[in-house]
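One chain, chain A, appears in both complexes that follow, with chain B as partner in the first and chain C in the second.
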Partner chain A sequence: MEDKTIDKAELKSAPETPAGPGGERLFVTSSPHFLNKESVPKIMHTVVLALFPAMAASVYFFGLRALLLYVICIGACLATEYAFQKYRKKPIKIYDGSAIITGILLAMTLPPGFPVFGAILGSVFAIGVGKQLFGGLGFNIFNPALLGRAFLMATYPVLTTTWVEPRTVQKAVDAVSAATPLALMKFEGKLTPVLDLFTGNVAGSLGETSAIAILIGGLFLRYKGYVNWKLPLGYLGSMAVFSGIFWLIDPSKYPDPLFHLFAGGAMLGAWFMVTDMVTSPTTDLGQWIFAITGGIMAVVIRLFGGLPEGVMYSILFMNAFVPLLNKHTRPRVFGAVKAKAE
Partner chain B sequence: MAENNHTLWYEFKKGLWQDIPPFRLVLGTCPTLAVTNSVINGFAMGMATLFVLLGSNIIISAIRKYVAPQVRIAAYVVIIALLVTVADMFLAAFFPPVSKALGPYVPLIVVNCIILGRAEAYAQKNPVLPSIMDALGIGIGFTLSLMTMGLIREILGFGSIFNIKLLPPSLFEPWIVMILPAGAFLVFGALIALVNYLSSRKAAEADKA
Partner chain C sequence: MGHKTFDRGIHPSYYKELTASKRVESAPLPKTVTIPLQQHLGAACEPLVKKGDLVIEGQKIGDVKAFVSAPVHASINGKVKDIELSQHPGGVRVLSVVIEGDGTAKEWSGAEIDLNSIAPEALRDAVREAGIVGMGGAAFPTSVKLAPPKGKAIEAVILNGCECEPFLTADHRIMAEEPGKVVWGLKALMRATGAAKGFIGIEENKPDAIEALKKAVGSTGIEIIVLEAKYPQGAEKMLIKAALGRKVPVGKLPLDVGVVVNNVGTAVAVYEALNYKKPLIERIVTVSGNGVREPKNLKVRVGTSFEEVLGLCGGITGEGEKEVLNGGPMMGIAQSTLSVPVVKGTSGITVIASGKIKPEKYDPCIKCASCVAACPMGLMPYRLGDYGLKQMLANFKDFDGQSCIECGCCSYVCPAKRPLLQWIRMGKFFIRREAQRAAAKANNNKATS
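Our next item is the complex of A and B:
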């Protein structure tokens, strides 16, 4: 998340760059050259703040177990980041907040009853393979948290899909395993009331239950200007339109668009994962293509794929296309003449 | 073709590290990824390949002066296919479970680029004895690579070594991903990185000395 800002730490270290052959100390950075008050830590900490409502909602619905998962994931992510940076003799930047966000987002994709060792494994994979192996913050192709979740899904297919009812609807004292609204829709054809989806009174991963809490955080980020409005709008909009087409064709078979928007990880993905500054395109056209195709993919996987939820794979899939999109949607430089085809 | 002056020992040991097939030459990756979900499968695959490689290197080296260059590839493929058929039938007759586990990958040794690669790059230019050492080195290097892959994937994916459970299931939850193709790619990538790292460190030490 650093493409439009310049890291303060890097600025400070600038005069220490080794002098050139003639003794000159040139400080070369890539564009943009304007300086502002934004910095990586500031943006990251604002995002953490924006995630608080969703975290609070999940702790309310799933109890201290949810809090434990957050602590474990954040701790493991920070430790992995520290270990990699220490080993590669890079400046230790674990306080910039990016690993904290990865930890929170990874925890949000996990079911409340997920075992601790699995959470640690996922965090190590997310930061180690998903981010540091690519070169650290700003170089990763895929969203690290989603990559960690995808790895866990392949590693522990049963544990990652064992859900419990939230505390608020449990009748028994022990946690009862339950199906998510999307699984209910897919495998049993049952719809969950939209109001429950909106408030989060359903079974599911920590961060995918309460749509309203995510929405508050997302709109807060939008207000602060850290979220590009095209990405969540394009993603959710294309999900709504595409699922709406099927709903209009056969309302008895396909759920309505509101269900798709509020169930599962659509809100979390659209506001906090599609908008990841590192793994989304930089051009306007590229962002529209990225978000809209991603939304269609998610609906296709949900309606016709083998899995009940498609948000994760849709975003990871589109992440892979980001370099291509950036390359081919580059706007024409003002005044430039289009080169003749050879 | 000029025959090189390396010792026989060098011809043998280069296959074990310097030219170790999947990790340095990145040849023969298909069986490396496909049949290494256990140590035994890796070993069987490696041995079958070693047998075919040894036989093809000997025959091709022996006939190298009598085959017209225009038809050499066709001749090699016939020789290799003969040996692969022998290996396939041998496994099916004496080790049916292994043969079943390896599936189509034993017949696929015909198109394994290690075999044709050694024939083309080495056996057709060198006498029989160095070709034998070359085949043994590369074949054993390949077998060890497959067994290493199999060891890692079997421990993590099944929680066992040689089909013997290491830990009770209550203590270790197997990583399903390691049995799947994705796990093969992850382990393969990690091992290539490790081999490259060790070689670069070795090279750096050699530079210093």
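Our next item is the complex of A and C:
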């Protein structure tokens, strides 16, 4: 053994052969080299599909007028999305399905007789202010459809609360206006049978009438894995428990939990708005807090607020806390030392 | 169901059926081998031979005095053709010894020795001399793991037979075909560390291996722990949590909870080193993927080129872009050339042909929380990804980015196809660089004052 040290500068480098078989170049990326088959458009389109039963039910109960509102809202949402993306010189991604969801959900929060210009205005506000001004998909703080609905509520307080009876309810005279089950409960103390609520044979917004149709869509989404079960369970569960407490205190004054779950927008909100990925927390604990507090708030507004329905504001209110919840409910890091957590 | 496991993680498609039932074949002797002088974590070896030297199979050709290192050995009989910088499957260029073979091979055999006749220190020295490193892929020198610092007692040795990477079946075949050597190797590792307990962790998707090991274990008191098939079950910390319920604290090592984890292949290497006096010059490599014509489990000499190994499996097939990986698809490293050699840590060569390769574009994060639900370390990858990409290092540290074990679950599940792990690696890299610069500055200040 002579000289063990080697002058590295004098070392000959092996020629690099940047080639696979037959001289073709190999693809190099960082790991993992394997991804699952999910994609954002796939998720969004599945949600659209899950909304079909509820859409079909509303067309059945309210006729073609309902269909017109869906078409208007979806069209206006897509157009607004396109205009903003064009203006911001961003890639046009209106086919990812997210604007369609916003359009459908917004239409579902409107009364069947809502004027077309109002629906367009609401859609423009929902997508423009609710989503694109925040930076587009993934960056909005509030659920765009609910924000659009809240805007319409403030601009057209009468039109957004003028209801008609569904076609399926036989009336002596042509129904001009009717009251929703929640308004009947709140202002007249009348309870609507739960079976009517369940099937949707009541007055109300397009999507808030048929609980069964929404449930079918929601469970389909759950089966597909696009719904975090904690969110609808937490929201509906806390609504049931909290309203149940009052019902037990005074059943004559407060409606039973089943009424609360199936009346108004509770089902629609719990399955399609509370579960909105963008505007719900990302951590386990955050999701529980978000859903449970939201459910309690909805009941509080329904029973003690000035409005008959509290689902919309409860969700919007909780949306505002999502960044805070994400920040303070971080999951426990594997092997975290106790001193840090406490 | 009902098997032990860790929290979160993912269930990727495994594709193990391609090679799971194929017996290990011995690859023919390669004509030339390129043996990198660094095939492990730690200090690189200095060459002990020079151009023109004759070497014999098993002869030590590189070593260094550092504690965290492992010597390298000639894997064939022949002549040193060159010592040059050449491409290493780890993605760097490393000084390597090129040996031209003379076509002869040595027979390695020997009777099983009595473990009680060797002192633990002698065992550790033998493991080091044989150049044994962790064969699951990380290639950490095994002798270092066997020598815990004073005051830290090792209670248990866990053999890692999880093999949670898709495609790979090398460990599976080792356990099914050589269970006796695995168990003997485990006993040797227990003696070297003074551990009283021995465990073998296997995922439930390898029933034949579980059966074979159960037979081999007999009544030795070694416990076989059947674990849920879930990725990354084979990550050291996840395995310890699943098997013993102990969590390795942040920034600590398994030996801080009294455990040493070794791969099953490492145990076999220990067996052969002690009984056959055979250093680590050969290993079992799974060659698989949809871009390989005939997927196989091959026993390959260290230093054989990927090109030659792939040639033994019918070569690369398929249309379009191809990725050739050192390892499996979750943690493997993509190669730019097929001239790279098989090293001690090459558990598999996976070739992925078009259709499976990642898209280049990604969508904005929709906060779906899939990554949070998948991260085995309990991190928030979507945030860490942003912090890494934007070099927001204070936030990155605050969200425990350095705890990331780079398993890739987050990138795998992301529906927006965001390269989260890549960005997290960037964050870790910038933090390392920041620390290096601070250290250099401190040194300079010391020198000038």
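The working rule: the second predicted complex is superposed on the first by the 298 of 342 C-alpha atoms of A that agree within 3 Å, B and C clash if a C-alpha of one lies under 4 Å from a C-alpha of the other, contacts with A are read in each partner's own complex, and residues count from 1 in each chain.
As a convention for this text, contacts are C-beta pairs under 8 Å (C-beta built on N, C-alpha and C of every residue); 3 or more make two chains touch, one makes a residue touch a chain.
Computed from a predicted model, the values in this text were never measured in an experiment.
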Between chain B and chain C, more extensive residue contact with chain A: C
Partner chain in contact with A:G138 - chain B first, chain C second, else both or neither: second
First, second, both or neither for A:F334, with chain B first and chain C second: second
First (chain B), second (chain C), both or neither touched by A:L159: first
Which of chain B and chain C A:F151 touches, first, second, both or neither: first
Touched partner set for A:T282, first chain B, second chain C, both or neither: second
Chain A residues contacted in one complex by chain B, in the other by chain C: none
Residues on chain C engaged by chain A in the complex (per definition of touch): 7, 10, 12, 34, 46-48, 50, 82-87, 93, 95-96, 98, 166, 237, 241, 247-250, 252, 307, 310, 315-316, 321-325, 329-339, 350, 352, 356-358, 363-370, 372, 375-380, 382, 399-400, 403, 406, 408, 411-417, 419, 421-422, 425
Chain A partner contacts - residues on chain B that touch it in the complex: 173, 175-178, 180, 182-183, 186
Footprint of chain C on chain A - complex, ascending: 1-6, 8, 11-14, 16-21, 24, 26-36, 38-40, 42-43, 93, 96, 135-139, 228, 277-283, 287, 326, 330-337
Chain B-facing residues of chain A, complex: 115, 117-118, 129, 151, 154-157, 159
